[in-house]
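Notes follow once the structure below has been shown.
Order of writing sets the labels: A, B, C, D and E. Residues in every chain begin at 1.
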Amino acid sequence: MIRPEEIKMSTEETGKWGMVIDQDICTGCQACVAACAMENNITFVGEKDSGYGRSMHWIRIERFWEGEYPEVKMTPNQPMLCQQCGSATCEPVCPAFATVHSQAEQLNLQVYNRCVGTRYCANNCPYQVRSFNWRDYKRPEPLSNQFNPDVTVRRRGVMEKCTFCIQRIHKAQDTAKSEGREVVDGEFTTACAQACPASAITFGRVDDPESLVSQLARAHGHGVKHLEELGTLPNVTYFKGG
Amino acid sequence: MIKRLFDWLKQPLGLIAVGIALLTLFSLAAYGINYTQQAPAQPVQFPHTTHVGFGIQCLYCHPGAAKGPAAGIPTEAKCWGCHNQIAKTETSLLLAPLKQSVESRTPLEWVPVAQVPDFVQFNHRAHIAAGQNCENCHGDMSKLTVAENPQVFNMGFCLACHKKVAGENHELLVKLTDCGTCHY
Amino acid sequence: MAGYNKKAEPAHAKAESHSHAEHLREKHLMLDPLPRGQMNSMVMESMYETSWKFWVVFAILSVIVAYGLFYSWGVMIAEGLGVAGVNRPSYWGIFLVNTVFWIGISHAGTFISAILRVFKAEFRRPFTRAAELMTTFGLVQAGFSVFMHMGRVWLAYWLMPYANQRMLWPNLHSPLTWDLLAITTYLLSSTMYLFLPLIPDLAMARDRSTGWRKTFYKTLALGFRGTEGEWAHLRNAMNIFAFAIIPVMFSVHTIVSWDFAAATRPGWNSSIFGPYFVIGALHSGMGAVIMVLAVVRGTMKHMKYFIRAEHFDGIAKLMLIISMAWAYFFFNDYMVQWYGGDKWTHQLLHFHEAGPMGWMWFAMLIFNIAVPWAVLWNQKWRSTPWIVFIVGFFINVGMWFERYIIIPISLSINRMPFTWRLYEPGIEIPLGIGTLAFFILLYMGASKLIPLIPVWEVEEGQMAHELKQFGRETVVSVSELE
Amino acid sequence: MSNNFSRRDFLKLAGVGAATSAILTGCGPASRYVKREPYMLMPEYNYNGQSTYYATTCRECAAGCGLVVRTSQGRAIKAEGNANNPLNLGKTCARGQATLHGLYNPNRVRGPIKHKRGDRLYETAADPFEDEFKDADSNMNWDDATQTVADALKKYKPSEIAFLMGTTSDHLFDLVADLSTQTGITPPVRFGALSMFESRATLAKAAENLFGESGLPFFDVGGAQVVFSFGANFLETWLSPVSYTRGFAGLREAQKKQRGKLIQFESRMSSTAGKADEWIPIRPGTEALVALAIGRLALEMRGGPLPRAFSDIDPEDAASKSGIKIETLQKLAEMFANSTGALAIPGGAALGQSNGLAVAEAVLTLNAVADNFGKPGGVFFSALAPNQAMYQRPASVKEMQDFTKKLADGKIKVLFVHGVNPVFELPAVLEFKKALDGVEQVISFATFPDETALEADFVFPDHHGLESWGYQRVVTGSAQPVLSGSQPVVSPFYDTRATADVLIAAAQLAGGKFASALPFKDEVEFLQSKVAPLMSEADGFFSAPDINTFMAYFQQYGGWWKTTDARLVPTTADIFNRSLKATEAEFAGEGEFFFVPFVSPTIAEAGANKPWLQELPDPTTTVMWNTWVEINPVTAEELGLVDDDVVKIVSEAGELELPVYRYPAIRPDTIAIPFGQGHTAYGRYAEGRGVNPTDLLGGHFNEAGDLAFAGMKVKIEKTGKKQPLSRLESMMGVYGVGLGEEK
Amino acid sequence: MADNISREEHSGQVSLLAVFPDLMPAADALDQLRALGISDDQMNVISGIPVTEAMLGRPSQWTNVPRLAAGGSILGFCAGAFLVFVTPYLYPVPIQVGTQAFVPGPPTVVVLFELTMLGMLLSTFLGVFLDSYFPNYRPMEYVKEVSDGKIAIFFICPEESKEKFTKAMTALGAEKVEVAEVEHL
């Protein structure tokens, strides 16, 4: 057993995995939303529930309006997903340790099988990016053939959220390990970044200064982290552009 | 003293206590019986012991274990590769389902016995690569006919081994006990 | 010891001259003693005599409970929480409103029986049990409500402080875990605190009953006889309870408030929430006690002797004070949020007042402040059971509104305007009505099964009270019996 | 990878139970008695639990993006972009992602069916989320089906046989075209709602008029500095959205010295206008005037003589007619004139008006001001796909009207329909459904039970795109000539058969010139015959000495393409000397509102049966699962309408009832309705959802024969009904509705 | 509290119960009993309300309840301490939530407080049970009149002097004196 004093906590400002999103080129086309749903076995909920704030998207594209016609402008599309905070407010409030900080991957984990559905984490998420399985939404045969075997299919009463496609992280790490090397930047990416036709989403190691995300962050130089003032240490950087 | 206890037990409250105790015992027993159910019926009473006895390596029939997440059940072509050269195949009652399956080109329906719950993502490759032997989890197949699992694959079983393997290597222990390593 | 053996003639038996002393006797139960045996039989009769109306109400409530609570809950467990009104962003809804509400109700019992006992407020004596019963039954409803709230209620036991096979214990960082510990502590201790003073009365009932009731009381009375030793242990224990349960009570609602105050949300992150919630709990609890007493006095036999205007007057005075305190805390919270809050907080405050549920915000203020302040100043009004019943009712509605505003309405507004959405209750309504009906049902059942008046406490009080003549003035004097 | 084993055999055997997809249970039973069926045979490289990736082509629209589909144990798990394909470079749009919901759709045609026209092909479930439903059973076998096709070919004169196909320029089109040229049957007609709303015919005609040759222009958005787009909604659905989105990202790329600007002229703000630096809410019908005015102002700023093309326009007049301030026009002209890489794009609703051809010509001519033809950031002709001789555009609606008339008049005795759903997609005024009464035999090859399949006598279902072989030409969007290749990534889920196989087999059965026209064993042999000539072409992405290896590479890489830029430079010698008619469009109908139908970017023409596409919020309104009408809030207030009020939209051709969305970025005199919903069949997720705006369209055409779909005026009538729209956005947070103060 | 006296140990002795209408005669009777040689631990008083020992001149009753309460609170505190300080480290690597320490500061106080109180109140309650031999259904009846406000004195005297004691009690105002079936005092 490891002695308590040997245990380190991750409180560093930079996490491990991170994302940069260029809102200037995001066209709001929803390809990321669809890709995410397909990759992560996200269920659709139907017209009534989706209109009542129960859609299960792990990533949503926000847009607002500025001004009045004819000077009206659409604000830059803002894909909003779990920010994988370094100091996540969702984590401490779960009584069952169902949402915890991965010390290995520096991600916010959602452990579905631990979740009892108090929904405290979702209340406490300032980004409102958690979705709850309000029902056992049906995906009748043969739609269920499409399920990704690498991702758990969630049932009613369980909270879920973006995982940064942790199954892809594991797969890449496993492949790299079997080939006796480290994971190379760009070797894999999340489903949303992979699909994005404008390449507005970039995913990679933020703790590696040579990775594409780090390079982009430096090149743009004016990235915004949402609600950073709350001290959540989010790992998603937004470029407003324009 | 004992008399007092008996007297007390005859009280209404005592009777309730006795009732609760009996119920508890009964449910425990029912649970135990349920827990140790018989292994499910398999299409072929496959004798692992014979095959292992011939010196066939596990990975010969279950090659996926070294390469990917699932060890896999051998294709019938693989079974047939040997068995169509064995005279016994024609006559053996045990092998009749295999023969029939190959001839009618309908796959056999095996019932997996070594399973983890659906919310656990298990990868054979990593475990084999880490030097684990099949029998560490699946038991000694040279003594078994139809496969049965020597233990329930619950998290305690996994974690005990992970802890042991990590030893004093803190970084490895963190990785091997991280919730996100298996649950996503 | 004059009071003990004198067995003065009851004032209501014959009172020709309305002297001051007579007036005092009429007013105060403690000065109007009856022989113990007579009080015993009055209490026994109140349990035994049941009108058909009782059974009609009982049957209706049973149907409501069966449908509203058990059937609806079953449906919700089978279908998922989708049948309720919770959504993004209002992940919490009426279930938690009800939880907080019922925990609030339960605070009155402890307040009356513990704090008033500690401070030797003699008017508490006849209704401590009635109030304590509310505590226990209210907590039962709170438990129901909080379990309804859970997405996978069949796994609720995972929150218990025990380890799974991997030595993973519950997360003690979570306010919900504290909540669980606090509510469990409170439920257990208030039940024990209800039971301890009940033992002598159960023993009394045991000696005066036959049939199944005899068995029932005998079982529950545990063989209490009234020996010196038994009394001594009981007295000691009750004193310990009276002192210890007060901080537990305060902690429970404070921790409930932390479920909200500890969250990173506009409108919730407030340090005043602890005392604000405690006072709110007492506010609704006192309202509920006075309602229950009015009903008990009006419907049960002989209760007009035990529960008198002085009791309504006393509780109503407390209500008035608590209402003022609540108003103070409300304003304190509002002022600070208004002055120092960020833009989201301002948006939320504005939403409270001017949003689609603004009527509820104003109703809350009227019911919780305006109504008690307008009515309870008047001694005559506050001594009239039906008036205080109505005031109590308004306060309870107002306090339920307060929790509704704090939970689903405040959750509608967050830092992500793209997700703002109003909450519309669904199956919460039958379930909420079901818990209310179940509370009443339990109370009705209890009123027929256990002595609602702690006779020995009343007798003890009557022993201690005496009318004394100071010159021309007759005054009440109270002796310390311990 | 070897091509020696037959993948089809392998796929056929992949009957693996859905064991891996068992469901997370908290309390439910663990999957204790799940059965697992091993493969009978398994290729050496494949292991259980390991994914296999197959390159193929997306069939959700006609663009032809390459996909790589991840499969696991015989099931397709995830569609990803094919990074090798020059068209999409590894990217996909939302519709491409959801293609698996087509493959595994709960309502597909499960086998060949003979049925009475109008009979349902599946039982409707009251709640589409309930399990209980039933697809119609197959009631014939494929031999009989093939015989039926053969009989149809033999029985009628070649001129009485017609094929109606989708927009896609694919191998099946080639097959039918070959059949047509060699047997004399009516040449195949291609049509799709997307091409209708894109006004492809107008664009091609304008190019022909200006440059002397027909072809689909290619606009190099990525290389430009300033893009003026007149109605071209290239980020959502126009021509090749994935490729144009990449172009847009290039325009905006911060690594460039200067961030490119986009100016969008349209009456209703689309996603493209939303992303634009400036949205000019131009009065519908005045695009030509504005384009010419900008051109004239720009040329005047530069000085020098004014060419003939721009001499007739009066900018002041254009400004007043279009509702754009003259200062704005001058500012825009200045921007256009001073930019080193200006580009003007005509498209979409701007062309779907009575003067659409004039608009297209005016905007294309505007490019002459920037002198960008054939230059980076300018206008090209799209490269012709590898085995393509000339650009063949899909039919315009005018041509479809003629075709429909032929059907109605009984000149066509047997109609084969594949890849298109004309009953749903064509404007109701064309009365296609009624015209089918004039056809003796309608044979549909529909994969899904769509409206047209319902009206057919026989439904001989084709495979889903992911189950089938083929290739698809990339008509535009890539600088290189691209032939995207398809291969089955999973074995067919139902008893379906490739239409090419059916036609080949039927042709053999029919004998005679039919048999000699299609002398192939099966579809794959036909494909090889078409792909084989590419082996000898230069600059290929790969080459191989023999056809088997070549085909293996073709499958492995998902097609074949050249590595060289083959875009054509338009001939623009006398472009300035043409006289351009600067007219305003004429609008049909009595109403006071311009009507702009647009294609829903998430649902498009065929996405309505895919539940995840239904649940994708519309990029501009965030509405899910329904159709809405966009009305400017000011207009709505005047009419006394609020969100979710159901209104009746009345045009000269028809009327629709649908809920209001108060859309802040639309002209007050314009309303807009998305196209994509309003199905009366097409599976449980599509049926009975929303309305179809083509019901409002009248039969008016522009000079190029494209439908003047944006050339209508309509009336709005209140109904007093309410129908809440399902939105992702918060009406409180985004619009301030219900916050206590109305914004 | 008098020790448990079983009848076997006291053969030749009889338990008598004298019922008095009021406190004063009962106090006098107790004095009389002492004078007759019955020690304090051979007698007991049964009442319907808590009567203090001083009122009847009886020695103070020994009760363990406060001690048990104190002990229980210590146990509860220990349980709380175990929960907050030990359980996070029982999982192989403590689970990190947010950036809070594995043993968080203020929440520790909350858990310690709640469990201390729980331990204390539970043990108080159980203390009453233990000290009073609850539940105990042996003397099936107790004197019904006691709950009507009478005072009963219960004492053990030699069998042979039963008459003498009965008379003495009656003389002091006992309403009735009878043999009682009581297992312990």
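We take it that a contact is a pair of C-beta atoms (placed from the backbone, for glycine too) under 8 Å apart; a residue touches a chain by one contact, two chains touch by 3 or more.
Predicted model, so just to flag it, every value in this text is computed and none were measured.
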Neighbouring chains shared between chain C and chain D, ordered by label: A, B
Shared chain contacts [chain A and chain B, defined touch]: C, D, E
Interface with more contacting C-beta pairs, comparing B-E to A-D: A-D
Taking each chain's C-alpha mean as its centre, the one farthest from chain D: E
By mean Cα position, the chain sitting nearest the middle: A
Whole-Å separation of chain centres (CA-atom averages), chain D against chain E: 88
Chain A and chain C: spacing of chain centres that average the CA atoms, whole Å: 45
Geometric centre distance via CA averages, chain E-chain A, whole Å: 63
Distance between chain centroids, defined by C-alpha means - chain B, chain C (Å): 54
Per-residue multi-chain contacts in chain E, two or more chains: 91-93, 95, 97-98, 100, 104, 135, 137-138
Interface hub residues of chain C, defined as touching at least two other chains: 152, 155, 166, 168, 171, 173, 177, 218-219, 416-419, 421
Touching two or more other chains - residue numbers and ranges from chain D: 22-26, 49, 728-730, 734
Chain-to-chain touches, reported pairwise for every pair that qualifies: A-B, A-C, A-D, A-E, B-C, B-D, B-E, C-D, C-E
For the chain A and chain C complex, residues of the former touching the latter: 49, 52-54, 60, 62, 64, 80, 89, 92-97, 114-120, 122-124, 126-128, 130-136, 156-159, 227, 230
Chain A residues touching chain D - in the complex, by the definition given at the top: 22, 24-25, 27-31, 33-35, 37-39, 44-48, 50-53, 55, 57, 60-65, 68-70, 72-74, 77, 112-113, 137-138, 140-149, 152-155, 157-158, 191, 194-200, 219-220, 239, 241-242
Interfacial residue positions of chain E with respect to chain C in the complex: 1-2, 21-24, 44-53, 55, 58, 61, 63-66, 69, 83-84, 87-88, 90-91, 95, 97-98, 100, 104, 107-108, 110-111, 113-115, 117-118, 120-122, 124-125, 127-129, 131-142, 144, 146-149, 154, 185
Touching residues on chain E, where the partner in the complex is chain B: 91-93, 95, 135, 137-138
Contacting residues of chain C [partner chain A, same complex]: 79-83, 86-92, 149-153, 155-156, 158-159, 168, 170-171, 173-177, 180, 259, 262-265, 411, 414-419, 421, 424
